[in-house]
């Protein structure tokens, strides 16, 4: 029994709210319990320099936290004049995860930026970001298809992400902040709809983890991601 | 008759939602029509260097826009490595406006930062920010009073802000983005509860404005600000 | 009677010295009493990216203070690695004020930068900058006309700026630093030759200002600006 | 059979050269085949701000590549004015890996910085860095023990790292650059002397990897790390 | 005969105007022909970190050029966000030159910053800066002595600087911009009142210079510096 | 007799090791005693903006020190976000010295960057850098000639550099760190194969130096540079 009453294999309440803001080609509020992340997809006809003239497209991500998304206020990165290492690490992870299911040739020479901004943090912001960003990207791509800008769907897979960890000696799924800050080990997993891995990132916070612990965390991740992918598909069916 | 059906003297729909996020000492979603700004107040026991040891407090503001708060995506200031001139100008305005109703000696040697982050922009983001930030600041101060951290209320006034402008030759209140981008003149006004001015910032976008046009804009601003102050007080009565 | 013997409606001694430095297309030393600002106009055939190929020109401004222009030395912005919020705010104001009297189509695809650098500060540096920059811009434009680079004068108006404020309960014109630092309210006004407003920026430093105080400050500003515009025209008649 | 004649389970030639430079408390040239990384350990009595007065120590890492460590020259990060995301990600990984085997209380209030600078890159620079940095740290700690600065050894474990990946459908150990750039999947593993995991970072470059592929890569990593740990211990026995 | 009618051994017209601005403890306009540099000395009771508590003082310099000090406008370093290599090189040279004649112990724990800002450039800005800065520093020190802040004069020497070069095969003194840009060799020399060298910086712009050319340039420099030192002393005798 | 047994006119042991790293077009480890600098030459078909389309080439240099190249660790410039003044000064010196023997027209529109990175510092890093960089540049040019990319050798001279100084009242050649930090005067000299000067940079660290001291230092420099040029030629004869 976990501090919030969940079982080890249970996700927090998941809500994926599409059309959360009005300007972006895709805009999703992704909530994993109290963690709330706005994920917007912005389509641009301008690709990065290394792709200009190649006919190939690009998908990238940027991540940010509002200064008071967390329990104590953190400095605004724009005011400090640079993005921190954690921010860069997370936005690189989001970008790689989504490119893993994109055919960039089929996208054509255009770029899609996924902005994932954390309004409220309670653990698992990167997994909520990836899970929500996939839906925002889908909306943006569907818009391009509907407008006839592209003919063929460049998305060839579905992506979701979840965290698992060892808390008080037990493997649990989808850690909230109190669990995360006390975890001995933290494993973030990104998977596609076939149950194959796109990213696996495990870190021993307290003591090193054994192979059997890794196996148990991977089992939980698979359970969680299946459920998250069902949430993604359900949200796409709503207007 | 304006493009959205409002009369010249009419505000957009105003919503001030308190407790919008869970961590901050004050947290308000300020909506002026489609413009949505999160205003959080964060209390810190650490003041800027020039006040250390003075026994005096500080109130300041930071402002930001999510990259896709606007019709076309703007660069993330954290990624560009600096805040733009417009951002600095607005956050300085918010800070000055709120300090105008604060007794910084009564606050004691502590700092309150008002973070105003625009989720969705449709004109008037700085006026929505000031109006919402005042409520967030009030909540934070009430918390300090309730906790006995301070004995005497350091807020000696109420502040709200509104924009007016000349659109198609006519003075109108609370411009949305389509009106703002076509305005000949744009006037932002910050007033206290006694109807006195804290800030007046008028800019001729198209042609220079005459004194009678200024007078008419000031008259509209006064009407709007009275109404906004009523919204502020009403929001504080709710839980 | 003011601390320096002036009446409430009286400007400090104004001197606009053209051809102050030898390289720039326009170069004016603008002095409002002890405040001294070099204003140079530099013509370039290269416009900012957003105008390239448009056939349209641009006018912009940059502002700086020598580190020891003030009573105590301030950090050099180039050494700190960024311009402060006050600097950006002022240079944006100067740029907008001058663009308000320019026909950018008639200028053709070229840019003019007004550099306003404060050698000595004693209050009112931004108003001295705007007033001097207009003369420097005029000289640069006259040079372009004389050289046949442009055929039609793109300047359709005259711009000057002055500060007013409430000091010890009384409205006064053109505040020097001792007055400015003790002022309850500070109002900067930019007007054209028809007496219409280009910018109005009022800030309550001490207590909020009433409408009748605003009216009195606007009256003083109009007096001051007329006189400044006479100085501008007189300076242009000299070699 | 791999392009350089190695078997799937075979490391490149490993050389750990201690005392490579003369100033640092620990200085190791770590070579994995053609990949060459200088790892220095610098002891300082000054800890980061958040630990001052705590009696606790700190271990951190910085990573860099000489501009021409790679096949084509990359920009110098010092000249560009910021470290890239990849650099920050790697130096955070190195720091976490080494802290995992340190008792920071036993270290006392002092800091050790591991600088890992790549002289020549041929794949696996982060794993060569971690493996070499552990030896450099050991030398630095042994120096502190020998000098009587600390009484008890704060290092409670041994750390080494290796990469594995799927190349042409087959799992292989310790990829060089040609293999790495053609890999479908890339897995970096950090383990301690008990065979438990400190970090596991797997990324699908081409297509997502199945569970059985992950299992095979983990098996190879364990083989490689055991061998690397033997190299570490052997190098410590030499003068 | 040189392009401006000077002989090879002749300086341009030198003017050292003290009390050029009103706030600084020393303020000198240094003119070498058309080159004009404001040199201000600012005294501060706050020394750099590495001297805090040492009882020792510091003298340093900062250098800048107004954007349109030159024939074509150069970018403002504050706007670009960093000082260029040339700027840093020159300000380091100025600082070293003045420290060479200062007893920093006798100065006591206080700092003096020499700000050298070029209003108009026509060759030799660094030599005009050093020559003027020495006078500004002298004024600041005399003020400290007069106020009884320090008892003993910490300046034990006099410093001036001049440029020489090889132009059209002939050694000449105090190059202006047209000579400097066509020079084959450029030598800046800083000397004290005893004719000993503080800095010698020679650069072959076109072809390498022979020893006899170096000797001739050093001879000219000595002539020029004696004359400049006479100007310095004369300026200090005036009010 | 010097602290390490050398005579006043004696260089430290000089080693120039070519092909030190495998990727660069030229790669030399330059050792002056314990000072070790990697000098790589990288050829690029992309020239700086001001040369694009000119048909002319460019040669430039960048300089860096590994954080623990020195006795106490210095901050990593990439982490601090900017290169220091000393770094910029040295890399400008290296670039000028090498351009002095290059015919940039004959190079054609391509750029060569010399990266000089100090692995271990013991005085004279800039002279070791220049001396080694010339060999690296030669190797790169020889490669371009061998590949037929250029027809005519654009290098028209040989460059080496050495330091001299006054230590305990006596002029000595090629100072190591203990000598350098105690030197009264420090003179860096860059010469070509004809014994003409490319750069002369002398700084009085302690007291100003007399003309006869300068002459003696120049004499020593000439001796040292002849010997260094012999080392350069010898290294080019080896494979």
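Lettered A, B, C, D, E and F in written order, each chain numbered from 1.
As a working rule, contacts are C-beta pairs under 8 Å (C-beta built on N, C-alpha and C of every residue); 3 or more make two chains touch, one makes a residue touch a chain.
Going by UniProt, the chains are A, B, C, D, E, F = Ribonuclease PH.
Keep in mind the model is a prediction, meaning the values are calculated, not measured.
The chains that touch both subunit C (Ribonuclease PH) and subunit E (Ribonuclease PH) are none; no such chain exists.
For C-E, the equivalent interface among the listed pairs A-B, B-C or E-F is A-B, as over half of the contact pairs agree by residue number. Centre-to-centre, using mean CA coordinates, subunit D (Ribonuclease PH) is 32 Å away from subunit F (Ribonuclease PH). For this pair, subunit B (Ribonuclease PH) with subunit D (Ribonuclease PH), the centres built from the Cα atoms lie 50 Å apart. Separation between the centroids of subunit C (Ribonuclease PH) and subunit D (Ribonuclease PH), computed from CA atoms only, is 58 Å. Multi-chain contact residues of subunit B (Ribonuclease PH) (touching two or more other chains): 81-82.
Each chain touches its neighbours in a single ring, whose members, counted from subunit D (Ribonuclease PH) through subunit F (Ribonuclease PH) onward, are D, F, E, C, B, A. Against subunit C (Ribonuclease PH), the residues of subunit E (Ribonuclease PH) that register as touching in their complex are 21-24, 27, 34, 36, 38, 40, 42, 44, 62, 64, 66-73, 76-79, 81-83, 87, 113, 115, 117, 119-121.
Within the complex formed with subunit C (Ribonuclease PH), the subunit B (Ribonuclease PH) residues making contact are 82, 84-86, 88-89, 91-92, 96, 100, 157, 187, 191-192, 194-204, 207-211, 214, 218.
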